[in-house]
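Notes follow the structure.
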Amino acid sequence: MDTLLQLAIGNLLSPMVLFFGLGVAAGWLKSDLAIPEAISKGLSLYLMLAIGFKGGVELASNGVAGTIAVALVLALALSFSLPVLAYALLRTATRLDVPNAAAVAAHYGSVSIVTFVAATGFLGYRAIPYEGYVVAMLALMETPAIVTGLLLARRSKPAGPTASRSPFLSREVAREVFLNGGVVLLGGSFAIGWITGDNGMTVMAPAVVDPFKAVLAVFLLDMGLLVGRRLHDFRAVGWPVVAFGIYMPLIGGMIGLLAAYAIGLSLGGMTLVAVLAASASYIVVPAAMRVSLPQANPAIYVPLSLAITFPFNLIVGIPLYHAAAQWIAGM
Amino acid sequence: MVQLYRKKRIDIVVEAARARAIIEMIQAVGAKGYTIVPDVSGRGNRGVRDEGHLSDVFRNMLIIVIAAEEIANLIVEQSQPLLENYAGIVVVSDVEVIRDEHF
Amino acid sequence: MVQLYRKKRIDIVVEAARARAIIEMIQAVGAKGYTIVPDVSGRGNRGVRDEGHLSDVFRNMLIIVIAAEEIANLIVEQSQPLLENYAGIVVVSDVEVIRDEHF
Amino acid sequence: MDTLLQLAIGNLLSPMVLFFGLGVAAGWLKSDLAIPEAISKGLSLYLMLAIGFKGGVELASNGVAGTIAVALVLALALSFSLPVLAYALLRTATRLDVPNAAAVAAHYGSVSIVTFVAATGFLGYRAIPYEGYVVAMLALMETPAIVTGLLLARRSKPAGPTASRSPFLSREVAREVFLNGGVVLLGGSFAIGWITGDNGMTVMAPAVVDPFKAVLAVFLLDMGLLVGRRLHDFRAVGWPVVAFGIYMPLIGGMIGLLAAYAIGLSLGGMTLVAVLAASASYIVVPAAMRVSLPQANPAIYVPLSLAITFPFNLIVGIPLYHAAAQWIAGM
Amino acid sequence: MVQLYRKKRIDIVVEAARARAIIEMIQAVGAKGYTIVPDVSGRGNRGVRDEGHLSDVFRNMLIIVIAAEEIANLIVEQSQPLLENYAGIVVVSDVEVIRDEHF
Amino acid sequence: MDTLLQLAIGNLLSPMVLFFGLGVAAGWLKSDLAIPEAISKGLSLYLMLAIGFKGGVELASNGVAGTIAVALVLALALSFSLPVLAYALLRTATRLDVPNAAAVAAHYGSVSIVTFVAATGFLGYRAIPYEGYVVAMLALMETPAIVTGLLLARRSKPAGPTASRSPFLSREVAREVFLNGGVVLLGGSFAIGWITGDNGMTVMAPAVVDPFKAVLAVFLLDMGLLVGRRLHDFRAVGWPVVAFGIYMPLIGGMIGLLAAYAIGLSLGGMTLVAVLAASASYIVVPAAMRVSLPQANPAIYVPLSLAITFPFNLIVGIPLYHAAAQWIAGM
């Protein structure tokens, strides 16, 4: 069992985190280093396809245990309920109004795929296995939080005649929730991995396994550039909200950890579920909120989940949740 | 010389998240066509909007419609409630086109 | 104050397959320049045109020309036969520019 | 020898076809899953470069047999003549007018590179070898059909004074025919593979061999998205024309098969030539037709070759032509 | 009917290397916003400009500003020295907008 | 020791140079073959990241010799001083005015990363090792030449009142010089390679080592397309300037070679430093010149370094400098 310090240093000195740091520095200093948007989107699709496919193959080769149904229900429960906690904290500890608090809350019930992928990289580096179906949990956790967020937002009085126009879950948002590109690709690749199993893996491995960590490192460079450019948006967000972006993942992570422990996941699985609960969406939920909760300000929720919670989880959170999982598992 | 007909041109710059609603409105009021420049950035009352990466949340679109004056008026009017809470501007100008029946 | 000169602005939205012919015509009638927005989508008489993928068959371009009135008239006239069988519109408006000799 | 059923199921459960199906489903349901256009073009360039290079290296290591010249002449003959048959069928069995029938016919004389590549993937999965120069046949078959299509279109009276303006083969179309990007890349990579042989392969293999099938699977996901979004265009096309999109590949495939058998190709080679004859272009020929036969409606020929014939060949055609090739070879 | 206010629209096509200076000037003279079409090609006095690849040296941008007349005049005037030695044109036209205070 | 002829032929028949040739031919013939810009930029970022990372790992495993500081000083000295020589030649042998001569001169003090990478491919093909820190020399040589170029341009009288407006090194140019994307990525990857060493290499190798040469070949195809399309710009440049584009790399290459020999680099290192000195920038320096020396005409300096010096170095220069290095090393 590694000490927390060893874990932290090992994480800090991995190419993944270093490339992220390079990106942050370059973005912060306004270097003109930029990865073309198409490449960046392509890399992110690659990560979803690869992580989904590998999860499916893993599930196929290890068989479906009884735990899986429980785990999937847990995932849904976490995504639906975490925003309630987040909302309560935000309304208590910050000055955000109802729509903004609801919108931010929705982000923290959902997940960040890249944080998850970075955590699998962290585990892979240490040869720690995890249950393949955790990937299915990831897919399931992406969107339920959006529904909770919108329900929470209803608490504000609809202002004026236009409010009546937008139904609770418009067709557009429903599509965002159920047919979101990320969810479809992740879930679909998972299913294909499950169906084709090891035969499929023979075909896909040279692309989805071998270069996976290196692609992740390059993607993190790009994430770093984005984060670095948004670091100055901090001030607009306000310190109480920034603080929320740090303690909410800690709280969420611990809840996820205990829940995962309760249903009997392995060390790797516990770490990953903690990461899922701790991480916040910065692609899917912002898009859904912009369409269905336009009163909420994207200049608050995007920098918060992208420029604060994401780096925090990547650098501090992952080794921390893992150390906590080791500690619980070792009890 | 070719005969020209007077029409209105409407340029709408709007954040991507609202473009679909605007386009549906444009068709609903009876405009016969529109053109979209899918990826423009800009600055307005709501600050700089140019973060194309990651999500469309900070991206604008430019929608151009050529239409008869009555339809143009409808578009201008109905764009107002749709733009509440969203970044966007609506600009009208005079233009001439060739085939009257086409617009 | 800077002296401004009246010119015509012509906006042509045309399917990509026909853009080359239109641009050759614009130069042939003596326009001194043009600007191309290479990738626009839209809807008109021929339905939705926005399938950028795979081929340019369902893609539009926006061509902008600033020119003196006589040349603008030539462009409008000569664009008509070129647009037969192709998706496209031609829109004319009044603009002002600074350097007269430049256009 | 596999039974047709085994072949069909094996094909259906390959990652390639499953990713294609995922794409079709996502596109049909209007998911916002989308692969950036630049990535999609990049993948298609990759496939052409890889298939060309591998064909050239194969030719270099197996030497130039006498058959090759015969095979190349056969390829030209097929591409020039198949449109005549297609045109006759279309004018008899559908209501398409002369320009539309001629335009559609041109597509079926030409080929679909992705269908060909998928067929090589199908063969590779079963370790069935094929003659390297079949790739040269592919390159040669892309464009002659355009010429035949334009000749067939001349049968319609030129309407009005503008018709006289467009010469038969304009400079633009000639360039499309002879210097088309796909043809140049395919042919050029083939030549480079041939020249550099095994030395070249050592350099290129980690990119063009190892991840090839996985890249193909991702590309087919993208093709599926396109097809899924175009499935509703069916109705505009009309059922007699849709039927043509199914029986024409069967007829073309059988002609290709017999011709390949006649010149003595191997089992793999026969399968691939059948696929070439059966498949229809959806990139090169549409672009050429739009420039030189503007009276023909792209809303007919693009969905027909892309949304009907392409999936049919991918899912049903390839295993079927292969089964037929086995049957003929076994006689 | 919605009340419309007369403004000026300024279209500036300029090589990418000079876009930053132009935009800084636009803000300095007090325009409340602008829109950028980031990637246009074209031809003018300085020949064809469409080599997007490799560097921005041969790429143009289209900048659109809606502003009150006095500000528009300032933009036109101050654009002149900035465009010396650079490829670029400045085009002014009349438009109408809805919210007066917004521009 | 290979003869010069063998080296030249081996280079000519490598997939890298052949794909470049294919691109030149296709571009020259106006084929519509085109690699999407995003892919092209992505490939170039890949090459910088890979070459930087590998250089850093190499340095980590071989340790820091005393030579390294000397080498870095040499790199700076070459980049600062070569433009002075180039300027003198241009003002003597061509009709370029002060700003144009200064702008061109700046390009030849800087470097072409792709030429460098092609040279490492050339050495790798022959299993000739080189010092990892040559990559750091590459990074250091990119931008000092810009400063010299701007100083040389000061020799022309500022014309009119506007001239006073542009300070010598504007904020924009300073950022270009110090925070240029290429420099940051190259230097950053180098540092990450150095820090993570062999552990990092395990993670990154499947992406940055295995497919490296193949990616380079594809990138050279794209470079060839650009060069082919610009070949006709020759005439506008004028023959005396074209000649400079050939003899300047020969002179620079020899200076680089002797300097590298003087500080005791290996055969591989000498070849690479010669290539650095011989090559001319066509991305970083043009962008900087356009901002800070707008009187100079990009239609002169871009085709000169891209369409003349780059192909010359790729095809003739690299084997030539290597042969010369062998000769000197063998003395």
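Remarks
Going by the order they are written in, the chains are A, B, C, D, E and F; count residues from 1 in each one.
FYI, contacts are C-beta pairs under 8 Å (C-beta built on N, C-alpha and C of every residue); 3 or more make two chains touch, one makes a residue touch a chain.
Here the structure is a predicted model, which is why all the values come from computation and not from measurement.
Common neighbours of chain A and chain C, listed by label, are B, D. For the two copies, chain D and chain F, the CA superposition rotation is 120 degrees, given to the nearest 5. Among the other chains, the CA centroid farthest from that of chain D is the one of E.
In this assembly, A is the chain whose CA centroid lies farthest from the centroid of chain C.
Centre-to-centre separation of chain B and chain F, using mean CA positions: 46 Å. One inter-chain figure worth recording: chain C and chain E are separated by 19 Å, centre to centre, where each centre is the mean of the chain's CA atoms.
Mean C-alpha positions place chain B and chain D at a centre distance of 40 Å. Under the contact definition stated at the top, the residues of chain C that touch 2 or more other chains are 37, 93-94. Those residues of chain D in touch with two or more other chains are numbered 36-39, 210.
Under the contact rule stated at the top, the pairs of chains that touch are A-B, A-D, A-F, B-C, B-E, C-D, C-E, D-F, E-F. For chain F in complex with chain A, the touching residues are 36-39, 41-42, 45, 49, 175-176, 179-182, 184-185, 188-189, 191-192, 195-196, 200, 203-208, 210. Across the interface of their complex, chain E is touched by residues 11, 13, 37, 39-45, 50, 60, 62, 73, 76-77, 80, 89-94 of chain B. Within the complex formed with chain E, the chain C residues making contact are 1-2, 4, 7, 9, 27, 32-38, 64, 66, 93-98, 102. Residue ranges on chain A touching chain F, taken from their complex, read 13-16, 18-19, 22, 25-26, 29-39, 125, 210-211, 213-215, 217-218, 221. Against chain F, in their complex, chain E makes its touches with residues 15, 17-18, 20, 47, 51-58, 81, 84-86.
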